[in-house]
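Below you'll find a set of structures to go through.
Consider the two complexes below, in which subunit A is the common component and subunit B and subunit C are the respective partners.
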Partner chain A sequence: MTPEHSGKAEESPRQRLLSAGTPMCAGCGGLQALHQIYDQVGEKTVFVNAAGCMTLLSIYPYTPFRGSWLYTAMACAPAGAQGVRDALDVLLSKGHIDAGQDQLPVVLTGDGSAYGMGLSATSAAIDRGLDFLYICYDNEGYGNTGHQYSAATPAGARTATSRVDGYTGVKKDLFAIWSAHRPAYVATVIGTEPADLARKVKKALSLRGPRLLLVLAPCPTGWGFEPSRMVEIGKLAVESGIWPLKEYSDGQVRHTRVPAKRAPLEAYLGLQGRFRHMFVPRRNEEQLAALQRQVDDYWEHID
Partner chain B sequence: MRKLLTGNSAAAWGARLSDVDYLPVFPITPQTEIIETLAEWVDKGELNARLTTLESEHSMLTAAGAAAATGVRVFTATSSQGLLYAMEMLYNVAGWRVPLVLVNVSRGLSAPITLEPDHNDILAARDSGFLQLHCATCQEVLDSVVLAYRLAEDKRVRLPVLVNLDGFYLSFTREPVEIPSQEQVRAFLPPFDPGSNRFRGGEPVSQAVAVLGGGPYSYFRYQAHLAALEAVQAFDELGEKFGECFGRSFPAIEAYRCEDAEILFVMIGSFATKAREAVDRLRDDGQKIGLLRPRLLRPFPAEELARLLSGKAGVAVVDQNLSNGLGGILHAELSAALYHLPKRPLLVSFIGGLGGRDITAGEFYAMVGQVRQAVAKGQPPPPRLLFTEQELKGMRGLQNIASGKGASHDA
Partner chain C sequence: MYRIRFHGRGGQGIKTASRILGTALFIEGFEVQDAPRYGAERRGAPIFAYVRADTHPIHERGVIHRPDLVVVADETLLAISPAQVLEGVTDSCVVLIYSAKPEAWWRQQLPDIAQIVVLVPLESLSVAIPVGALCAGAAAALLGKVSAEALAHAVEEELSAHDAAMVESNRKAILAAYMEVTPWRGLVCSSLPLGVAQTPPPVWVNVPHDAVDIGAPVIHAGATSGLVKTGLWRTRRPVIDRERCRRCLQCCAWCPEGGILAGADGWPVIDYEHCKGCLVCAAQCPFQAIGVIPETQAEGGADAQTADRK
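Let's look at the complex of A and B:
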């Protein structure tokens, strides 16, 4: 870690704390956000990982992390964080380590684990008031296996297991599920809004208890767009209102960015291969209108 | 201090005396008394450990492994379905090379669901990388937990250990147990040394990372296998040291009246005490019968079994498990261990004690008779299920009720 990035994101460090040279896809929105988050959370962390794209960040004998790493399995990263936290507490209370050697357990999973297989372990970790940070990079599908639909896939999106008409379910509201547990903090973020992200990471780090950073991770490979358009798509996700930036703490939900005039949803959908079937060979007006209406309905209920 | 303890209570005492730091737990019958006992000690301040109830055995094993990887001494316990639910993480934490102790209180597996014991649960973990110790008495349960920590933490080994006791027959049965003093145990078991399993601020370490290609994978997997094999020698040494410290010896295989025996029983767990009783009665009758009971099942003490069984006439292998489509698991493993012997005994396979079904003295005598016949013919019979005519009649009666025909007259 070089002196010029002491954990303050406002400084926009040129050199990232997380090393380059990972096998993530070009234009990975998840990695973009992780770089920003890691600069702030720093190296006194144990990243506890579940099976997903980012499992491949640490491949023997390399790791991009300056801090520690433990891979668990798909269902149980929060339980791994529990074991790390409990063990550190034991070591502290028995005087085997000092406060300077303490570390923050950080769970890092994709949406497949966070919305599905790992949800039971997550819910229980929140019940227990586990002092940890959870980072979910949500690329809206089982990305590492070739992008099959998951519980985080939005309505209508084509995936490797919904190739014809697109996903017939709706995206699960993980923000609401977490908030219903009354944890310390929940926030939606995206790497293409770095100031909003930095403020939320700072807020999360100022609190104790269960904290979630739910990152929308535009995925060129799974969503079907050129890596160079990742930032544009990320910005449209926010401007169209389909990815509301918000946070929960002290029992309150606050929207941190309310677009004054929302961009039409089809501007966002039209850039992605997974929604192309709504536009060609002919526009599916009904489906496009229904999806736009869902976004409009959401914002109508926001003060 | 000598006290009447259940097997579950003995397991809890083993953990308490081993100065455990961390207890990730989840209840399941017939293990629950272990965690209740430990929770009470923690609450009363008699045990300086942290106890966390997870929401499943899968998470419990994850937390156990993660805490051990962070650098504390960990104890946990489960049974049956819980062990299977945790199975993915058994393989994982064995690969992490973390020295924790997991007690399994054996119980038959679903379906059909039952609460009573057999060994299909623990034997499902035989390839997981955990070492396995099998207990026959409540004393042995306490002793095995203490010994398991010393074995797991041995520099040559560094692997997690499963200690198995039979549900109901040991878990809920009170036996007199000698509880050693804390000082005695500390003289045998040094304070926990995390070795390279540690997460500390300022000392970054990556554990359990991915590998690419079969080369590194083969290397690490085989290295863990070699470490498990090292545990044969380590167990012998530690068993001897255990004897010096506590006055109770602890060989990897209990060999009971074997020296001049012609026919032997081979079995594991608490039902072996029934076989021991049968051996005494048969000896009273002038028959040269013995019993071999492996305490250590992983690593499999193949060489010692071969040494003890070379030149014997016949063996009744009593499996309290069933590998569907194969038969008894011990029978298969023992056959492999003896195959190379020029003077190998004839093995006869018996499946018994499934789902807590008793094995009677009469059945032990009958097994010896069948082994004698097989030896005389030079040909083993097909595997036998211990199941009586009377049980079959009872079963038919139940089937009549289940099918709506009502209780049959001949049931």
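Let's look at the complex of A and C:
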């Protein structure tokens, strides 16, 4: 973006910091958000990446990152971030690097790790007050292995391991779990709301301690929609109220966008193959009403 | 033994195709292996799947390097060397290509390939059927060992998680593809299992130990992934119409690849070397200024665009 084209400079840089050429699927909502986040967090970061779709970002000898990247097993990315932080602290204390060369450990995992396998290591890292940023790209299933259900899969969604009537559990509330630890910052974001996302990244970067950016990542492959509809579906997730945009800091939860009039949930569900069984061969009125009621109940208590 | 190798793109149903063919062969009494290659099953990316079938126990495993039948669900893959479509194709191997272009055209394009069969897109189909499924039907006919009944059963079995209407439309389409190549029924010949005698010994290369900063899989430069040309995944191409574009640059913000950048003059420029063809930009452009054309109609265009940017 040229300076004379003012006003849009933040939205449209000449060059994105995160390089193209990654093996993420066409239309990946997680990659869209990561581009926006990386433009702000920059290259003075050490990404600690648990196994998942985004492990494939860096396949030797290729990486889209300008800064450092480290791969860990699925359950232990926050422990990896602790090691990186400790190592940097040792280098700082011995004078091998100065404060200007310090880097931010950034954990990057999918929902399988963030909501499930890695939760213990995450909880412990927050307990220790680890100074790190956690980015979870939540595509509501184990996307890299064929989209089996995870603890983040919403009720009723078909996955590779819940093929007929969909997932019978409920989506775990990771925002509440993180907030209950009283960390520095927790926020839900989505790449299709770039202004809200940019403000939250900025806020997260202004704080120290454990910080989570929980990104809903519309997934054409796992959710069953045409890649071209990714932004439409992301916007509907927010407008229908099923993905509330909110943040936690200083013991308070604030909703950053309260839809004045929520779109009907089925407008969101109906665009996705994983919910198709609720519409054909016949509409499952009971299930559709129950899911709508859950969204309505949530917002009833929000100002 | 029959060795069948499927080539297509993520989203075409290549894995399902291999399963349908494998199950049909199994119903006919064969011992069968079917497996996709794991690792790059991304929409639009080159996908491989393998089927082996034999009347005796199969002792081979893994990737098929010497196929008896190669199935090409997307003809544009033939021009892409990493897709390795023609790897190990001998004169006894049949190459089935799903294409609207006539067989004579393909013979001219691929003079070294002895046996080419073209499956033309079936215009009689009223609903969109994954190309992979059609190819599975045609492949079954080329083998000459699968009855239409076994094929129909295999479709029902493999698609059992889907609703009845979808199974039915797929079954019809697959059987239509099966009938379409009936003149070549049984064209594919089985070949002998490869024993130790037929397998060339591995060539050992002694690699001296390097210092850890050279020998370890550490990447010492940033942003190297730009060297990977993911534009090869694209089957449809977004094209910006400058008559309509108002340079709002929303497309730059929405592109999940970071693949649309603002040029110095303020016009958005699509990076065709990396654009995967998700078409989010075309769907979201508030001025309908981004059109979509099939990649096959844009040949040569990529180079011109790239030159533009430089």
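In this text, the second predicted complex is superposed on the first by the 291 of 303 C-alpha atoms of A that agree within 3 Å, B and C clash if a C-alpha of one lies under 4 Å from a C-alpha of the other, contacts with A are read in each partner's own complex, and residues count from 1 in each chain.
Just so we're on the same page, contacts are C-beta pairs under 8 Å (C-beta built on N, C-alpha and C of every residue); 3 or more make two chains touch, one makes a residue touch a chain.
Quick caveat, the model's predicted, so the values are computed rather than measured.
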After the alignment on subunit A, I want to confirm one thing: do subunit B and subunit C clash, or do they fit together?
fit
I'd like to know which partner A:Gly116 touches here: subunit B for first, subunit C for second, both or neither.
neither
After lining up the shared chain so the two structures overlap, which partner does A:Glu43 touch, if you call subunit B first and subunit C second: first, second, both or neither?
both
Contacts of A:Val231 with subunit B and subunit C, given as first, second, both or neither:
second
In the superposed arrangement, which partner chain does A:Asp102 touch: subunit B (first), subunit C (second), both, or neither?
first
Once chain A of both complexes is superposed, is A:Phe65 in touch with subunit B (first), subunit C (second), both, or neither?
both
On the chain A superposition, what angle, as a multiple of 10 degrees, is formed at subunit A by the C-alpha centres of subunit B and subunit C?
90
Contacts of A:Gly273 with subunit B and subunit C, given as first, second, both or neither:
neither
Which partner chains sit in contact with A:Thr55 here, subunit B, subunit C, both or neither? Use first/second/both/neither.
first
Touch test for A:Gly209: subunit B only (first), subunit C only (second), both, or neither?
neither
After superposition on chain A, the shortest CA separation from subunit B to subunit C (Å):
5
Please identify the positions on subunit A that touch both subunit B and subunit C, taking each partner from its own complex.
43, 58, 60, 63, 65-67, 69
Touching residues of subunit A toward subunit B in the complex: what are they?
43-44, 46, 48, 55-56, 58-60, 63, 65-73, 75-76, 78-84, 86-91, 94, 96-97, 100-103, 120-121, 123-124, 127-128
In their shared complex, subunit A is touched by residues of subunit C numbered 10, 40-45, 161, 163-165, 217, 219, 222-230, 233-234, 247, 249-250, 252-259, 261-262, 264, 266, 268, 271, 273-274, 276-280, 282-284
In the complex, the residues of subunit B that touch subunit A are 21-22, 24, 48-50, 52, 54-56, 58-60, 62-72, 88-89, 92, 199-212, 216
Would you pull the subunit A residues touching subunit C in the complex into a rising list?
1-2, 5, 8, 11-16, 18-29, 31-32, 35-36, 43, 57-58, 60-67, 69, 146, 163-164, 191-192, 194, 220-221, 226-232, 277, 280-281
